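Each chain carries a letter (A, B, C and D) given by its place in the written order, and its residues are counted from 1.
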């Protein structure tokens, strides 16, 4: 199995914002990158958001899409606080301070011929690039996208273009089926027929439900986790997630360096 | 590396005064290739205990104004893994290595020091005395001169390596604690460790950190760190590794003028991984201003 | 003023939890008309001594990351001028007034308390125990439980006014000091005073402040202040005036959840004189979330 | 004597930057103010410069000029550090957060028929508005302007227009006479003949020299001082200047509230 992280390690680079448009409640940012960062789907960047003392640490943001030929980076950013607020309101022309690509992404080899992608809310971000790479390999995914409401859905358009099929759900029914995306999946078990792997990003509750579904079907499930981060590179041990099977005094994995994508069986999602 | 930046820190000759501090630079490799460990005058590896420590449950960190709180809980794989896995990799690199030592009893500290005795590539030990002293009911070793005396004396007897004692600022009188460390045989003092703080998640109505309290670091604490270095410089004659909130070459000079002969950087690496490069290039310009490093100049 | 923001702080009913802290709001009038004193639940006037104190030579302040250092040196015109000039002006306004009391000996504190005994418009005294205790050789009253006990006991006997003891965070164990204040008869605890820090002017090669060290305040210290409030809430049953780096309504709620029933604002006034207005309007929205103020909720 | 501070006290207001151009090493900023702030010459503003935790406190900046009819405020800002650097690079269109006008300015009634203004470097800033108000009263000043070099001179053009005469000096001789402005004044004592008051702003050494000159001639001298400030309104006692004649336990005055303009005889300038 290939190590799903980038060879050569991360770099620090400035990316020039060229486009900033709404995508539901989130913002879709397009940036021009001079360096050939060659990310793996699921990897992320640590962005310096300025703001001086009030946003001292960097913010982890997934690589939503990457066009290596044109050096175009896409991010989907949901403004939930000071840092993402600053990012979401950045003006085209400004330079975004990036560290990355970081972490271990999705293992494309483990996806199999019929991969199923599941995104919850802004969690859809890394799935766009993942779907693109899977499609390039001739295995376009079946994609399930959920959110609380229509403006909470992200990446719908790109994922529709890149997937063999897309199922949408919102909790308030304002778009697609009504309910949580995992409920909708359970209501239509036939949809998962033949699936070779589940690859997901979204709230912990969603990932926990998928872990159960995958276990029942005996297929592997991978999820991208979130945790507060300081370094983003594995040095500070700040982003711990408990291991399902602790070994010789080691009880935690690092979301930034051992993940953010984990086989869900290896982590406790409580 | 600019030869002109070299500085003497006790018995160690460092290629430059900048030191990566414990817990923020792993075992030296995580930031590669952005920050190769060689650029530092020395690196201090993560706090190391006799047996593996699991650390605290998450959340372990939270951002604060101009800084952060951490409650990692000294997660580390234990001294055996350090010796077997990390030290050999570091020994292959051209970098001075200081091992930060932790323990819950005097015996545990002594055990780590013994295991490291004579191991190639360990340039010094740094005793982290902020750990809870389980025998004394949980107050940290670093808050009582008597406990410091006892601990430093015992470790001193167990190792030939230069012994740095890293003090906590969470005390009424840091000079008194530093004098106790000096009398017990420490070769150098390092300060400061983090300030005890906490953050509350007002939506959840509870502390952000699973551990409730955590250690404050970053530029926010710099004034406290400078004051501690200044006070300890006046109270002892030991060389000082000064740290806490360092983010620029100007900060490095400020710590040197307060009395440090080596200066650590930690949290600022997270905010700006290029900080060490910038600092070292700016430091060269400062260095040219002086005949020798202006250690303790602010005391004149 | 929104009636719904009222809160009980010990024996005082405050119109809202926000208090202007000592030394940052003068005697209440300097910020007019931008900040009328009435908008606060209470104001604490500048530290007042028995005789006038001249204060320290300049520079007295310096900016630091997310905060500042001050070494005003408790400049004040003495209790007589307070009583003759400022208290009558304040008595004409609809605002609760707390007098911050300073002294270098127990007798000086007692003298101020006596002079204020029965004076109209003094709602409480706040003993600032961070002053150097000249009889004990300069360490501050606030760093030793015995000195606190002695001081609070003596002032308690000299006044009927509610007695708030304002603690310094520069101690190993703030809970122990708070317990000493409680046992000696304090009615409330206020915390924190500033953290001891310093800054160095690297061009001049000397400390920025003429006094060398100064007190750190502002958002930088907020995590330390919250931790102190949390610890003291767990250690005593006294009402707490929590402060240190407060700059938003969210911060006010965090201090309340840590255990405060009144919350002070100081340094943030300098950065943003409209902060009190914004905080009070935001607080109304928070208040509506709870049946009662969530004092101490983070302990559950 | 009128109280040379504004009635009604300071306000907090946003001023819209409309123009930012170099003036030697300094920048000349023009701002539109909606409020009628009606400042007294010598008063200043406390400007919030953003920058988050790295520039937490406001920065004191003199009101260089004020056009009440058009609501136009002029500032002259020398970028010497982080805060003034941010101000100097502010883009037209941005809103500057102002507290003011603050302090006690120059007492116009004390200027007499032949006021002499002396500015050192960026210290010329408040003299422009002072000269304007004196000229309006029919007493245009005689103005002395000094700096280390030509790019260090500020306000030369405006002051030339508003004064009955201007004498320039630079230490390196790159503009006007060579030497410190106070040396040039001492070399040409005739120039001060008939002067009724000296009103000055600049380095402490310059003010100390002027204090001596004024004392010899028996005329009053007023100077605007600088000190580190926190509140800017008199509340924190941070901006102390020692009094020449301490009285009953009071040894310091507040630059922000008792000044920034002081009769030089009242303060120690060492």
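Details
The working rule: a residue touches a chain if its C-beta (ideal position, glycine included) is under 8 Å from a C-beta of that chain, and two chains touch if they have at least 3 such contacts.
Note that the coordinates shown come from a computational prediction; the quantities given were computed from them, not determined experimentally.
Ranking every chain by how far its Cα centroid lies from the centroid of subunit D, the top place goes to A.
Between A-B and A-C, more C-beta contact pairs join the chains of A-B. In whole angstrom, the spacing between the mean C-alpha positions of subunit A and subunit B is 35. We define each chain's centre as the mean of its Cα atoms; on that basis subunit B and subunit D are separated by 47 Å.
Here the spacing of subunit B and subunit C, counted between their Cα centres, is 33 Å. In subunit C, the residues that reach two or more other chains under the touch definition are 64-67, 218-220. Across the assembly, subunit A contributes 52-56 as residues in contact with two or more other chains. Viewed as a network of touching protein chains, the structure reduces to a complete graph with every chain in contact with every other.
Against subunit A, in their complex, subunit D makes its touches with residues 50-56.
On the side of subunit C, the complex with subunit D involves touching residues 23-26, 30-34, 46, 51-68, 70, 72, 75, 77-78, 218-220, 267, 269-274. Of all the residues in subunit B, the ones that touch subunit C in their complex are 64-67, 69, 139, 143, 170-173, 195-200, 202, 205-207, 212-214, 216, 218-224, 226-227, 230, 245, 250, 253-254, 257-258, 286, 294, 297-298, 300.
Within the complex, the subunit B residues that touch subunit D are 65-66, 219-220. Residue ranges on subunit D touching subunit B, taken from their complex, read 53-54.
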